[in-house]
Each structure stands twice: as C-alpha cells, then as structure tokens.
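Both complexes below contain chain A, partnered by chain B and then by chain C.
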Partner chain A sequence: MLRYIARRLLLTVPLVIGISLISFLVIYAAPGGPVEMATDLNPKVTAEARERLQAYYGLDQPIHVQYVQWLGRMATLDFGQSFSRDGRQVSEKIAERIPVTLSINVLSMFLIFLIAVPLGIYSAVRKDSWFDRITTVAVFTGFAVPTFWLALLLMILFGVKLGWLPISGLVSMEYESFSFAGKVWDRVSHLILPVFVSAFGGLAGLSRYMRSNMLEVIRQDYIAAARAKGLPERTVVFRHAMRNALLPFITILGLSVPGLLGGSVIFESIFAIPGLGQLFYQGVLSRDYPLIMGSLVIGAFLTLIGNLLADVGYAYADPRIRTE
Partner chain B sequence: MKIARIVVAALAVVLLAGCAKKEKEAGGEASTGAPAIGDAIVQGSIGDVSGFLAAVTSDSASHTAAGYVFNGLVRYDKDLKLEGELAESWEVSPDGKRITFHLRKGVMWQDGKPFTSDDVLFTYRKMIDPNTPTAYAENFKQVTRAEAPDPHTFVVEYEKPFAPALASWGMHVLPKHLLEEYPDISRSPLNKKPVGTGPFRFLEWKTGAKTVFEANPDYFEDRPYLSRVITRVIPDPATTFLELKSGGIDMTGLTPLQYTRQTETKEFRKSFNKYRYLSFGYTYLGFRLSHPLFSDRRVRQAFAYAIHKKEIIDGVLFGLGQEATGPYLPRTWAYNPDVKKYPYDPEKAKALLVEAGWKDTDGDGILDKEGRDFAFTVLTNAGNESRAKTAAIIQQNLAAVGVKMEIRTLEWAAFINEFVDKRKFDAVILGWGLDPDPDQYDIWSSKKTGPKEFNFVGFANDEVDRLLEEGRRTFDMEKRKKAYFRIQEIMAEEQPYVFLYYPDALPVVHKRIHGIEPAPAGISYNFIKWYVPADRQRYTTFQQ
Partner chain C sequence: MAAGSTSMFRDFLRRLLKNRLAVAGAIVVSLLFVVAAHPPAFAPHDPSRIDVRKILEPPSAEHPLGTDELGRDVLSRMVHGARISMEVGFVATGIATVIGLFVGLIAGFYGRWVDAVLMRFVDIMLCFPSFFLILAVIAFLGPSILNIMAIIGLTSWMGAARLVRAEMLSLKERDFVAAARAQGTGDLRIIFRHVLPNALAPILVWATLGVAGSILVESSLSFLGIGVQPPTPSWGNMLTAGKDNIEFAWWLSVYPGLAILVTVLGYYLLGEGIQDAADPRLKGR
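This part shows the complex of A and B:
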C-alpha cells in the first residue's frame, strides 16, 4: 500500500509540470498582458513607458525563457511575486485568503451532507411518496435557480426589508468595539447567507445521488435476505443498505478536495467576501501571471491528491478492491 | 452576465418595492446642526487598492485612496482651475521655460518630519528613475533641470514651454526620508502603509475587504470634520445598491436606471441626497478614416445628422446626459459652444450621402455605389451596457437613411489588442475620460498614429497639428483658448468621430453628511469640509 501511494505521489510531479505548461501557454495566448490591461487607452502612458513596464515584469523575454524561470522558482516552492503593484508574494496573497474560503466551503459541505444524505435515504425508502415527489421538485428547483439571483433575493428580504442579517462582507464596521459574544454573532450572522446559498445549489446533486445509490442497494438480494431474517426495517436501512450506498461518496469527497480551496467567483463577488475565487478572478482580469499560475498549480495539485485519497479510501473501505 | 445580473436585481427590487420597508436610519428632515467633528463615511468600491503610491498604480481605487494621504504641489479647484496645494504660489518665467514653485511653510509629514523642497526634488528623481515602474514618467522627462535652491523653493526648467507640465506637478509628493533606501518605491513598505502630508492618515488595509483612514489633526489646511473614511470592496454593483439601502454604506455612484427608477421613493429621499453633474468624459462613434467608406467628410457629416443623439441620451441614459459637440467638456474654459451643430435630420443626411455618390440603385433599401452596398461593422466592448444600447439605436438611425451597420461586441482585451491596435475595424464605439487640461495632442496629432498610440482613427489635419502644438507651448490662457476653440471648429466640421454624449455622474450620499456643494469639479473637492451634525452622528465609536 505504501509503495502504491509513493508511486502515485511521484507520478503527480510530471503531471503537475504538464498541467503548468499547458496553463502557462493558454494564459500567455490570451489577448492583452498585465501592462496592456493596466494602461490600454490611457493617453498619459507613452509607448516608452509601456516598454519599461514590460521589461520590469520580465515580459520582454521569450516565452520559453519565462517558463523555465518560473519552473525554476517553483522547484524551490517559490510562487514568485504578484504583478499587482502591492508587489507581494503570491504565496502570501493566497495564504491570507485560505481561512475564509476554507471555512465557508467546509461549513457548506457539512451542511450539504447533513441534509442531502437523510433526504436521499428517505426519498429512496419512501420512493414515489408525496415526500419523495416534493423533495424532487424542491431540489431540482434549487439546482436550477441561479446562485446570484437567489442571493440577491435573500439579501433584499433579510438585509433590506427585515434588517435581520448583514448583506455582505465578513464583519461589521464597528466589529472592533463589540464584546466577545457580539463578535462571534457578528461573524456568524455574516456567514449565514453565503453558506446557505452555496449549500443550496449543491443539495440537488448529492441528495439525488444518495437516492439512486440507495435504490440500487435496496434491490439487492442481501437486503431481501436481511428483511427475511426478520430484522427491523431501521436496521435494514441504516446498517445494511446505507453503509453500502455511502461507498461511492468516498469518490465524491475526494473530488471535492480541490473545491475546498477553489472558491466561487459568483457568490464571493455578490457577498463581497475576500476569498480565493475573487483573488483568482481579479488575477485573471489583470493578467497577473504569477498569481494565476500559482492558483492553478495549487488547484491541480489538490485535484491529484484528492483523487489519490479517494482511491486509497476506497481500497480501505471496500475489501473487494483491495484484493484485486 | 453582469448585465443580466443587474437587470434581475432591478426586477427584484421593483417587485419587492411594494412590501413594507423598515427604516433603520433615524432622522428625516435635514438637521440644522452646526459642523462637528466625528463620525465616519463608508463608501463602496468595485475594486481593491493595489498600492498607495499613485506614481506606480494605475487603477482608480488606488488613486482615490492615495489622494487621502498625499498632496501634490498643485491641484484643480472647484472650478477646474489650477491652484496651489503644497505650493503656495508659482511663477512661470516670461519665456515659459522655467517654473518656480514657492512651497508652503510649516507643513509636516504625518510622522512629524518637516516637508521641504528636497522631498519634491526626490519625487521628481524617482519619477524619471528607470527603477520606478511608473507609467507617468513622460511629463517629467521633459524637464531639463530641477533644483531646490532653498527648503521652500523648487525650480524646474524645460527645453520648450510646456503648458500641461504645470498640471503634472499635481503628482503626489513623496517623503524622501522614508523612501531613500528603496531603489524601487513600489517595493517599499510605504506602498502598503503610506505616510503623507494629506488630510487623512492611513490606519488599516484589509486586502480584498476594506481600507480605513483617520482624520489628520495636523493637516495644514484644516482638520477634516469626518473622523474616518472607510472604503469597502464590494465587487457587485447590485450588492452595492442593497448595502446602500440597508445602511451598510453611505456613498456610491448610481446608474441612470437606479437614479430615475429605483430611488424616487419617499424612504430613499428621506435618507439620501442624490447629485447630478457632467462626468469627465464622452462617448463617441469613431471611424477608421482611411476606410474607403469613411474617407469622405460628407459621409461622416451625414452620420452626424442621421444619428439621433437625443434619442440615445433618453434611451440609454434616461435623459441623464448631454449631447456632445466635440472633445471638450462644457463648463470648462476650453469648451467652444459655437461650433457647427448637427441636429437630427435624416433628410439632410440622405442628401449628403447622395452628394457623396451613394444611391439605392437596386431598390433593396441599402445605399450602394459602384455595385457595393454601404454596409460596415461597428465594434464595441462587451459588458458595457450603455455602449451596446447606443450601438443598437445608431443601427436603427442609420438603417433609416439606407446604411447597414452590424454590431459586434468583443471582450475588452481582445477588442483593444487585436482590433483597435491593429487597425482592424471599420468603426468603434468607445469613450474618453477627460482631463481638465485641454491638451489632447496624443489623441489628435497626426504624429500619434503609430501602434499602441491613441490617434487610432488616423486623423490628420495640418491646421490641427499646428494648433495642438501652439496650445501646449504657451502658458497664456487667451492664446491657448484661441487655439483650442479653433480646434473644436475644425473637429465639428471634419467629424473624425461622431461625438455622441457626455454622461452625468450620479453620486448619492447619506443625508446625515452635510457640507456637500456640487461644482464643475464634482462634489469631492471639498471632502475635508463634509461633516455630520453632532446629533446625527452614527459611528460614534470612532470619536477622536
């Protein structure tokens, strides 16, 4: 097992390099570079000033030289300096945004699992009941509703009309002057809408997945056998059926690892949350190459690690896979 | 995407407007309270600051923030005339080649060190230093000699008189003692924690979230009344508007739709004051003048008659704008009101097109000449709702006189780099922001048609070239005025662009904030005089 893991880890190195090369080429092929994005159609900026800025960023060098330089820095885990004028390290910029994005994503994923799993099971057990039909309609509505629209409606209702919840941001302006309890509530109240909105859209997929897994398992002979033994329905559903139906969830968990640090541009923009999604989006808009590359490499690495974890987890949970 | 979002938001607001509204903000009638120190103003900004040294940044969020902390030698007053800021006064030598600035005495940097002419000299040297990643070196490179003969005098000399140079000394003066040791000022700590001479002191920058400034009690003019200026980053305009309505922010800019349709409620008027004045810019339809369709002046004049500017302003800006007549802003000293006007007149347009040889010979409703239809494509950037709508109205107007115009919207970077820069366009709809100084050499000179230069329509007129040169080579206001008035007459005749409209700026500010007096320069010129009467102050925890 350890050898398997080591081999997989070793294989990620050429994969990440390959991904980074493709990303690099695609980003540089996009029209307009960092200098153009900052100075296009600004008559105060002369051609000479542009050239100076190009040289300042090292963009006057051939692209393969730039890539090799970047790769060289990456080898020492140096993501380089952001092209934004704050001149900060890319790693520092990404690191300061991780807590926000991570906490919102963990919370919303927790919420999704908390609701989707029981919902899926109950729908499967009571297939074609009223409950099943109503949840089907509800979760698909949730899936179809655009996030930004739902977010705006909730903001109007709870923020403007009722005045119960703050509309955007992470803390209030007077945060520093609050008591400890006040601070906690301030943070929580700012998280309610974003977490709810980001969880709402994800419910449909998982609950449907759970339902169909469950339906599949319930039709198996061993469930019939369990029922024939005279086990109570509760035990049949939760001990025998659910455990098996949950197996594919390991894959989903693995796939959601990169998503934890992905961040969503749409809801982070709407709720004015300074997370990784916004950072990356702004980086793309201003062609902040080192920042874009840094984010992509982290994303690629996390995806590969997530896959690995899923495979390992699967092997651990399902003996049939282990023996093969 | 963004447009769709705003439309949906607008719909949602309209739909819910009937529901009961809870007023969070106390107060209604304008309080008669006297000016008082205290309270904070919270603003919304679409983008985050990228640094506080204006010399090395190029986004408006950064420039606005830097303006709280730093001062220049000169600035524009409320009537858009230059006045001294860190300079008490200045003299221009009779030959126009030498400017002597007399600096204010007793000005202190926010860390307590005195401000002297050494700081100005240092700033100048940093501006022309190749290690400084600035985009604004050009005006300073014209300087042939700069010196600081005594702590309160600063002298610069130019090879030729250069009128726009005076305004360029509005560049923020940097503290020498804090920057000396950094070869690249953008990498200095000052770019993240600025120390200036200005009305506000830097307090906090939470990246991606907000910046906070507090009043500088030792400011050389007067201590600002407002104790704090907080700018929150809110990337989404719909969220910004909701934050405004719920009391989360005190000031933002409105869209014409919001101004006319969504803020005309009693509750809104009770809590906010709306302002309206011409913004510093105009929108135009620009032709590639070497294109066979547009090289004939009569065709361009026909377009000017055919395009219904009033309809565009009513349809796109809800009437919140003014018809443009040329590249200068009304109410600035260089604006010439008596140029040739092109009132909407499709018949005259048709006559001019016939004169230019365009007739509908095959009866398909589209004019043709030598077997070729009058058809072309106009380009504009995606995501700019008002430009897209403007294009649609122009398309209708032109169809009425037999001209077929296709509209193509492109992503900004591709639009500029692949089409405008490479001159691969028939016509474009774009806008220019305007400086108070009327020097537009870079946009209209026939020497500025190279790649990445700004006369991309290829306008070339000997008289304009001469007048542009004349206008920037003298400090004599009357001479300058004469040159720029004549330029506008030629532009009106030549129509290298069809000048469409000047949109209005539509700021909104919470009613508890007093002391705002709109002027040609807008509202923010007297920001340090804004105040909240003591009985209406809201953020009392920031009291100093």
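This part shows the complex of A and C:
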C-alpha cells in the first residue's frame, strides 16, 4: 500500500509542474502582460500598486527566471496582495473562505451519495421497470437543468412564495439574539437550499453511473454463483453486488471536485455565501488578478488532492489495483 | 462496400427513429434550428424595443410571456436568444471537437512518448476546475461572444481527445488497418480513410452532448454577467433580470430557464439516441 501511494505521488509531480506552467502562462499570454493589463483595465490600480506588481513579477528578468521565482512563491502560497481596497494577502483571503466552500461541498457530496447510490442500485435491480424508466427520464432532466435556474426557482418557491427558508447569506441579521436551538436552526436553514442546489448537479450523473456499475456487476459469474448457492436476493444485492459496484464510485467522488468547485461560483454568488467561489467571482468582476491567479492555482491543487485521495481510497478498497 | 455502408446507415436510422425519446430530442433541435435561422420571423415584437409604460407586465395576450424590467417583450427576446445559444454551442463545440480530434488522433496513432506527453497535458487541463479557468481567462480578455466561444472550446476538448485516442488505440490493432499498412498506405491515409470513419459515431455523440454542455456554460456565464452582454439578449442574461426582480416577476425567471432546459434536454436525448442506434449492444447502459 505504501509503495502504491509513493508511486502515485510520484505521478503527480509532472501534473504539479504542468499546472504551475499553465497558470503562469495564462497570466503571461494575456495581452499586455500582467502589469499593463491590470493598470490599463483597472483604473483603481494606483501607481504604488503598479510598482509593487513590477517588482512582484520581476519583469526585468528573462522568462524562465521569472517562472522559477513565481514557482518559489507558489510553493510558499505567496500569491501577492489583492488589488482590492483592503490590499490584504491573497493567501489569507482564500484561506478564510475555503472552510465555507469545503463544508458545503462535503455536505453536498454526502447528500449525493445518500441519494444516488440507492437510486442507482434500485434502477439497476429493477431494470426496465416503471421505476427505472421514470428515474432515467428524471436523470436526463437533471442533467439538463441549469443549476442557477434551479436555485432561482427554489428561491421563488421557498423564499418568496412560501417564506419558509432564507435565501441569502449563512446566518440571519438577528443571529446573535437567537437561543442556541434558534442559532442551530438558523444555520441549518441557510444551508438547505445551497447544499441541495450544489448536490443537484452531481446527482443525476452519479446515480446513472451507479446504475451502470451495478448492471455490470450483476452480470458477473460470482453473482450467479451467489444466487445459485440459494442466498436471498437481498444478500446478493447488498453484500455481493453493491460492494463491488461502489468501488469505482470512490474515484468518481474524487473526480467531481472540479465540478463542485466550479458550481460553488454559481451557487455562492446566487445565495450570497462568503466562500471561495464568491471570492473568485468578485475577483473576476473587479479584475483582481493576484486573487484570480491564486484561486485558480488553489482550485487546481484541490482537484489534484481530490484525485489523489480518490485513487488511494480506491487502492485501499480494491487490492487488485495495488498489485497491478 | 458502398452498398454495405448504406444499409448500415439505414439500419442506424431505423433504430434511431424507433427511439421515441431520441425523436423528441431531434424535433426540439430541428425546431431550434428553424427559429435560430431567422429569429425576426418568430418574434412577435422587436426584442430591443423599450416601453416604459409596460415594465414587468405579467403574461398577456399581447405579451404571451410577459415583459421585462424595461418593458421589452420576453418571448421575442427568448427567440433572439435562441440564436445566440445555438451559435455559441456550435462554434465552441466545433473548436473543442477539432482540437480533441487532432490531439486524440496523434496520441493514439503515434503512441509511445507522443501519447504520454499529450495525455499528461490532458490530465493537467482536467485538473483545473474548468469554470474557474474560463472565468479567469474572461477576466483577462473581457467578455464578448467571440471570446466566450473560443474559451469554452479551448477548455472543453479533453473528453473528445481521450475518446478519439481510445478509439484509435483499438482500431489501429484491427486487421483492416494492418492490411492497409501492408499495402504501403501512408499514415495520413490510414488515419483519414480507415480509422476516422469508424470512430465517427462516438465523436458525433460527444459533439451532440458538447453543444448542450456549451449552451449550459454560456448561459451560466451570461447569468453571472460575464457572458453575453446586455442589451444582446441571451437566456442567461435574461435570468439575471429574473433574479433582480425575483419578488415581483416570476415569469422573468421561469421561461428563459425553461428554454435552456428544453434545449439541453433535446440535445442530450438526441445524443443518447445516436449512441444507442450506432451501437445497440450498449443500449440502456
């Protein structure tokens, strides 16, 4: 297992280099280079910020030297100072936003898992039944629904018409005056719509994926053998088939990190949630380049870590992968 | 050979037409083509005519889907928005398909280090949350319809590359390719005459789903205000107005979103139908 992890870590080295190269090139390929572009398009940039940028990018150096310097700063998570009025360190601003985005994404992954797995299994076991057909159509509709539209509709229904759920922020204005139970409910109620919306995007794909895994597993000889032994169908489905069908699922959960991060831009800006997605979106609107680059790099590394965890988790669950 | 391929195509069409969901998808897509080809013929009003006396009117006989915050007709703006969506969807997917084909063909055909380098590049591109990457590039280049098409295309070709490479790897081991090679056929001719035609169906499926995906991305960008810019109507930026008037005008939020849903669903069903019809063994998987 350790050997597998070591080998897997070694494989990420070229990816890390590639990610840093592309991020570096994105900012250099942009017309005018980082400083010109920032000062041209953003009237808010002061002369002082301009000089700071010149020094920061070391623009008098040849490009490979600049890249190595930039790489060194990335390694220490030094993304420079934000262009916004507070002028704080980008790394600091990102760090305080990550917990919010991460916890909503973990919650929504949990929700996806909780719904997609049973749905997929049941559809596969009852293939071509009414249940299967209805879920198939529902899944396709789910693929096609723009999440921001779903968010709007839910806001209209639960926020405006019924008035059951709050539609923006993480806590109410009067949060401090609530009792303990009131505070808990306040937090939970603010999370219901965002978590549901962010889960929705992945739900359709993963239940479909679970269904096809399950169909694949059910055709295997060992399932026929389990049935031939006279095991009850329940045991066959949940002990023999489900466990094997869940294996590739681990990888997919890891692979869905970039989608969830991208989705966080949308739902966080709709529900006014102070997470990484909202920070990034505000950075894009105000052309806060250090912030944009920092978020891009962090987003890519979070994805990389997600993939790594998925592969290690898969290898842990399935010994065949390790010895391959 | 020619007779064989026409009858194969006929079988394919027959299977496609038997699939009711795929036919429904095809109808939706064809209708969109007709509407997008000449929007003014289908729009009851001028989509940019502002009428301050008719701000945020609910659906009526004159304005079947109501009016927006500037008194413009929502239906007419949606009809014109259809054209934008189709253009972005097709151009972006066209760019992605060409890049994906190119990368996948080269990687799959030449194998070895060429393959290793290209596929690592694909892995690296897939590490960036594509929406982050798109937003970052738009922040640098500024939003315009052309930029959006190019950026979506440049960030969504990786799936096609992997698909084409996999097809290549399996096809190039086949006997007919070995036979062509034994006859002294050149690389290019083998790729374009023998391998590519056999990989056409999965690429077509990918591209059909890709158009749907690009339309979704475009509408998300426009909704966030960094895609198609007003006053040019797009379904996404109409929904921004819907959000701003969420408490008074539900029709502004409901109808443009419904248009996106139906369009994307149409492409998905058609794509899935093509897949099932091209390879019936995989049906229902």
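Please note the rule applied: the second predicted complex is superposed on the first by the 249 of 324 C-alpha atoms of A that agree within 3 Å, B and C clash if a C-alpha of one lies under 4 Å from a C-alpha of the other, contacts with A are read in each partner's own complex, and residues count from 1 in each chain.
Note that in this section a residue touches a chain if its C-beta (ideal position, glycine included) is under 8 Å from a C-beta of that chain, and two chains touch if they have at least 3 such contacts.
Quick caveat: nothing in here was measured; it's all calculated off a predicted structure.
Looking at the shared chain after the overlay, A:18 reaches chain C, while chain B stays out of its contact range. Within the superposed three-chain model, A:269 lies in touch with chain B and with chain C [touch as defined at top].
Legend: residue contacts after superposition of the two complexes on their common chain; A:258 is shown touching chain C, with no touch to chain B.
Of the two partner chains placed around the shared chain by superposition, neither chain B nor chain C is touched by A:189. Of the two partner chains placed around the shared chain by superposition, neither chain B nor chain C is touched by A:61. Using the contact criterion defined above for the overlaid structures, shared-chain residue A:148 touches chain B and also reaches chain C. Shared-chain residue A:160: touches chain B and chain C both.
Looking at the shared chain after the overlay, A:96 reaches chain B, while chain C stays out of its contact range. Annotation: chain A residues 30-31, 37, 41, 146, 148-149, 152-153, 155-156, 159-160, 269-270, 287 touch chain B in one complex and chain C in the other. Interface residues of chain A facing chain B in the complex, by the touch rule stated above, are 30-32, 36-50, 52-53, 56, 84-87, 93, 96-97, 146, 148-149, 152-153, 155-157, 159-163, 166-170, 173-174, 176-177, 269-272, 274-275, 278-279, 282, 287.
Listed in rising order, the residues of chain A touching chain C in the complex are 14-15, 18-19, 22, 26-27, 30-31, 37, 41, 127-128, 137, 140-141, 143-149, 152-153, 155-156, 159-160, 212, 215, 257-259, 261-263, 265-266, 269-270, 280-281, 283-285, 287, 289, 292-293, 295-296, 299-300, 303-304, 307.
Only residues 5, 8-9, 12-13, 16, 19-22, 24, 40, 42, 47-48, 50-51, 53, 56-59, 62, 130, 133-138, 186-187, 191-192, 206-210, 230, 232-236, 238-239, 242-243, 245-246, 248, 411-414, 416-418, 420, 430, 432, 440, 442-443, 450-454, 539, 541 of chain B touch chain A when the two sit together in their complex. Listed in rising order, the residues of chain C touching chain A in the complex are 21, 120-121, 123-133, 135-142, 212, 216, 219-220, 223-226, 239, 242-243, 246-247, 250, 253-254, 257, 260-262, 264-265, 268-269, 272, 284-285.
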